[in-house]
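Sharing a structure with you now.
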Amino acid sequence: MAGWCVGLASFLFEYDTPRIVLIRSRKVGLMNRAVQLLILAYVIGCYHTHFAEVEMESPKFKQWVFVWEKGYQETDSVVSSVTTKAKGVTVTNTSTLGFRVWDVADYVIPAQEENSLFVMTNMIITKNQSQGSCPELPDKTTICNSDANCVAGSSGTHSSGIATGRCVPFNETVKTCEVAAWCPVENDTHVPEPAFLKAAENFTLLVKNNIWYPKFNFSKRNILPNITTTYLKSCIYDAVTDPFCPIFRLGKIVESAGHSFQDMAIEGGIMGIQIKWNCNLDRTSSLCLPRYSFRRLDTRDVDHNVSPGYNFRFAKYYSDPTGAEHRTLIKAYGIRFDIIVFGKAGKFDIIPTMINIGSGLALLGVATVLCDIIVLYCMKKRNYYREKKYKYVEDYEQGLGSEMDQ
Amino acid sequence: MAGWCVGLASFLFEYDTPRIVLIRSRKVGLMNRAVQLLILAYVIGCYHTHFAEVEMESPKFKQWVFVWEKGYQETDSVVSSVTTKAKGVTVTNTSTLGFRVWDVADYVIPAQEENSLFVMTNMIITKNQSQGSCPELPDKTTICNSDANCVAGSSGTHSSGIATGRCVPFNETVKTCEVAAWCPVENDTHVPEPAFLKAAENFTLLVKNNIWYPKFNFSKRNILPNITTTYLKSCIYDAVTDPFCPIFRLGKIVESAGHSFQDMAIEGGIMGIQIKWNCNLDRTSSLCLPRYSFRRLDTRDVDHNVSPGYNFRFAKYYSDPTGAEHRTLIKAYGIRFDIIVFGKAGKFDIIPTMINIGSGLALLGVATVLCDIIVLYCMKKRNYYREKKYKYVEDYEQGLGSEMDQ
Amino acid sequence: MAGWCVGLASFLFEYDTPRIVLIRSRKVGLMNRAVQLLILAYVIGCYHTHFAEVEMESPKFKQWVFVWEKGYQETDSVVSSVTTKAKGVTVTNTSTLGFRVWDVADYVIPAQEENSLFVMTNMIITKNQSQGSCPELPDKTTICNSDANCVAGSSGTHSSGIATGRCVPFNETVKTCEVAAWCPVENDTHVPEPAFLKAAENFTLLVKNNIWYPKFNFSKRNILPNITTTYLKSCIYDAVTDPFCPIFRLGKIVESAGHSFQDMAIEGGIMGIQIKWNCNLDRTSSLCLPRYSFRRLDTRDVDHNVSPGYNFRFAKYYSDPTGAEHRTLIKAYGIRFDIIVFGKAGKFDIIPTMINIGSGLALLGVATVLCDIIVLYCMKKRNYYREKKYKYVEDYEQGLGSEMDQ
């Protein structure tokens, strides 16, 4: 009990600090500071560039800032909600369809999606299809001379129906296997060029984006508070002049990604509208701004053009007075605009800071270790220093190597 | 070789530990412990609150727990899959449409989506549109006196078609430019008030959510194992009484977010149904529960009402016996329910723990540094202590400042 | 001024290093190294397994590698874009529909989605519905004997319309409440078995996935550069033989998840096609490969079968010559394929490495602490060692316990 009490007393009332050899030497002293300096560099670097970043945005700086954020901030990933609205009308005049006006309800399919919008730019239309039997499109597998060439009930990956087993004339010259299908079968061998709705280049797209950082309960919209309604009614996004206008010209989006709209319109494709929300919530929230960038997502290298671009089929169903159903099949080529929202928010937090400072201090310890090595092993006066630093204690049970260091 | 062997021997069989000055002083001793205590505080804090949290959920505690999880756990973000199903029927009786019943197939557009569901609450319907020419809606740009006012082929952002260049009477009083368009053009100047399908307030929405944490291969559903089917058939979500019932009354969702359903129904909007899955997998998985919250995502400040609320246009296409196509254009206003699933799972992991302990220890070192400064620079007996702690070693090549400290 | 100068001189030109007791003792020396070894173990572990992983992929190794990545790499989460395309045709022959061919435009609803694709496998079709009044389906709430049993204007969760208040014969034997609804009302009491479009098992699904790691600006597709077009035209995914073929047989997907396609086809369900992109960008990008896995997301335990599987209703609208509107209601059962893309990329980064090394060093300090405790408190020669290590300094103001340790 008494012993315990004494123990506590000594624990509380004693202070132990290491004994130090203080070597007065220009060489060693400077070397020591130099090493410490190098180790300190990265931490200091962060601070400086942190404040530098506010003005300039060069990638190098951003990366440094990230260092800062990573080290001393709690981070959270963005939670986002997007709505889109396309605007624009155009007319076409073709032999098959005659003079026709196209508006949003015609070329946006489906009418609404969550994070993306599809604008039809080209199409292969097959009118008045009805259930029945008709000759398949001619290709190496379907061309036939006699019924013997056609296996009833068979169906390939690309066939439009189920073979009936008969071989029937496709036109004057060619005979192909007959199929049970929606007839007449679609003929998509030739994609219209130029694109059917090439005027889509001038359509506009309004993107409304609402983000939220759950951990910090911070939310913001891409329609910034300082933007006036009149501005919104007239503006068109431009990286330089209107970087915060949420209305995009379709043609401009594709060009910004380094592609030609008219080329893309023919076979379709996917465009990514990337909205980056990197926010440092230690700073005023007005500095937390959306940054738009555009990327084509269906990278088409010529040697991988299995179903290149982007297209899908849909049908409008009708029933004639007799009640029989028929449909208009449309193979829609077009550009799907995916709105991709990403980003991180950072806010100062004590814990990661503590961890960093802690390990930073430990790193500083390295300086002493390095210098000791140099002083005690490399310098010519090493033995002199060594005996000042070390005190040798023999363990009398064992004599081994007891002489060597003196 | 012998030297190498000797070197190894000394490396293995020698133990070096710093020499310590042990100062017996109440003042210094206590001060030292105090500083160490403060630094230890945050780590200890975490442990305590970690276990405290299991019972209570106050934000302060949650934040502390987060500290714990951040420090000693591996985390992973949720991977989720959502399905929704709406239920409800209503009737309307209007001059244009007469008596009409509306069921799910009528008001949910499109029929199925991945993470969201759109319920039409209001609409502007334009029946029997067909391709042709008709006067544009009158507004400052379209009103005209003579053909001179109308530029053929022109088309503004808000026009319903392409101007033909003729100026025709819109009604007895007003003349507007004629456009090639789907005629008659839609007149959306007045949104029906109250909302056309105001009864949607009582429709119900079943949300099925299946989450997965890939890193821990842990998966769970929002329909909890202890919920009975009979309960599910009857229950309606309520934050207090039924916090785990996955069936929501549309009206309640909007109210929980602090808005009025009937107001929102008129121009539409976006509601976020947020499902938070924060799981501490060190604890029993039955404590890993979904937390529902509701937020309106189309924050509408009066000064930014460019296309306020949420609406889109779609059309139903018909062909009359002659084969001519006509359509019914519907401008659908409604509420889109986005199901936003987020959360983090944490599980104890040795690596982050190691890192934390390591830097924690380093921080403790700070205590000694601080105390040394006080003892050796501030206390009146500083010189006495200093000579005990330090041993001065002159570097005889240089005499500079060799006297000063004695 | 002079003092300040002297202070700087001593700061720059003095080097302080702790004084060390060097104890020559096999026991203590070896013990010390042993403890240090254990602490070093985990770091070394990481390095080794890091390189081991390149060859083998056992979960244990993966986990270790993760340790490495966590410790020394900056990580980023994947940003992804997905397109899907289904192929396949089938025929059905039923009394209600007669002989009918089904192609993509018929069974994929909606025609296009962002990250998922729905394939209809079963259906309940109700043709020629029109607005009117008809008897409700008989169930415990709708069966009636007289109008007294039917409350006009009432509508339950599962009713197809609004009760008119009349009690009318449903068939010869049963009378039910009449409802204003789309008539005749759908009868979904019996789901067709086997599934109507059971042939969907052989349909194929092409998944095109483009991923991007914003932080490292690294992007890649799931159609790998070394894959030839001819291969893509013919291949079908197989975990063993064709692990990188992006074309999947629907039946195979379900089987891989351990379920029967024909069972699932009847009531529908959700299948997750998981694409994992875990990339170590310190290695060549050709090692950054997609890994496919399949999981059923609508876990159906028999006791929770509230709306089991997956289905939704949609309608095709027609207008007969008189202009009256009627519709064909389809309750579509089917499998929704959600493409879930996840993963992390890691790249060496100086900051986390620094932090790790720092705290690693701090941990090594523990070795000295432990050994000191043993040497100074447990060993029989402790007092001998202690007086070598410690130098006691009395604070003359207080004599307390000054004798005890000598």
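As written, the chains take the letters A, B and C, and residue 1 is the first residue of each chain.
Simple rule for what comes next: a residue touches a chain if its C-beta (ideal position, glycine included) is under 8 Å from a C-beta of that chain, and two chains touch if they have at least 3 such contacts.
Per UniProt, the chains are A, B, C = P2X purinoceptor.
As the structure is a computational prediction, the values presented were derived from the model and not from experiment.
Visitor: In terms of residue numbering, is the interface formed by subunit A (P2X purinoceptor) and subunit C (P2X purinoceptor) classified as same (over half shared) or different (under half shared)?
Guide: Because under half of the interface numbers appear in both copies, subunit C (P2X purinoceptor) and subunit A (P2X purinoceptor) meet with different residues.
Visitor: Rotation angle for the CA superposition of subunit A (P2X purinoceptor) on subunit B (P2X purinoceptor), to the nearest 5°?
Guide: In degrees, rounded to 5: 120.
Visitor: Can you work out the whole-Å distance between the CA centroids of subunit A (P2X purinoceptor) and subunit C (P2X purinoceptor)?
Guide: 17
Visitor: Subunit B (P2X purinoceptor): which residues touch two or more other chains?
Guide: If we look for residues of subunit B (P2X purinoceptor) contacting two or more partner chains, we find 13, 16, 18-26, 28, 77, 110, 113-114, 318, 321, 355-356, 358-359, 361-362, 388, 390-391, 398, 400-401.
Visitor: Show me the residue ranges of subunit A (P2X purinoceptor) that touch subunit B (P2X purinoceptor) in the complex, using the header's touch definition.
Guide: Going by the criterion above, the answer is residues 11-26, 28, 74, 77, 79, 81, 83, 85, 87-91, 99-101, 103-106, 108, 110-114, 128, 204, 206, 208, 210, 212, 214, 219, 221, 223, 225, 227-229, 232-233, 316, 318, 320-321, 350-352, 354-359, 361-362, 381, 385, 388, 390-391, 398, 400-401, 404-405.
Visitor: If we count contacts the way the header does, which residues on subunit C (P2X purinoceptor) are in touch with subunit B (P2X purinoceptor) in the complex?
Guide: Against subunit B (P2X purinoceptor), subunit C (P2X purinoceptor) makes touches at 6, 9-10, 13, 16, 18-26, 28-33, 42, 66-67, 70-71, 77, 109-110, 113-116, 118, 131, 155, 157-162, 180-182, 270, 272, 274, 276, 295, 297-299, 301, 303-307, 310, 312-315, 317-319, 321, 323, 327, 329, 332, 336, 338, 340, 342, 355-356, 358-363, 365-366, 368, 371-372, 375, 388-395, 397-398, 400-402.
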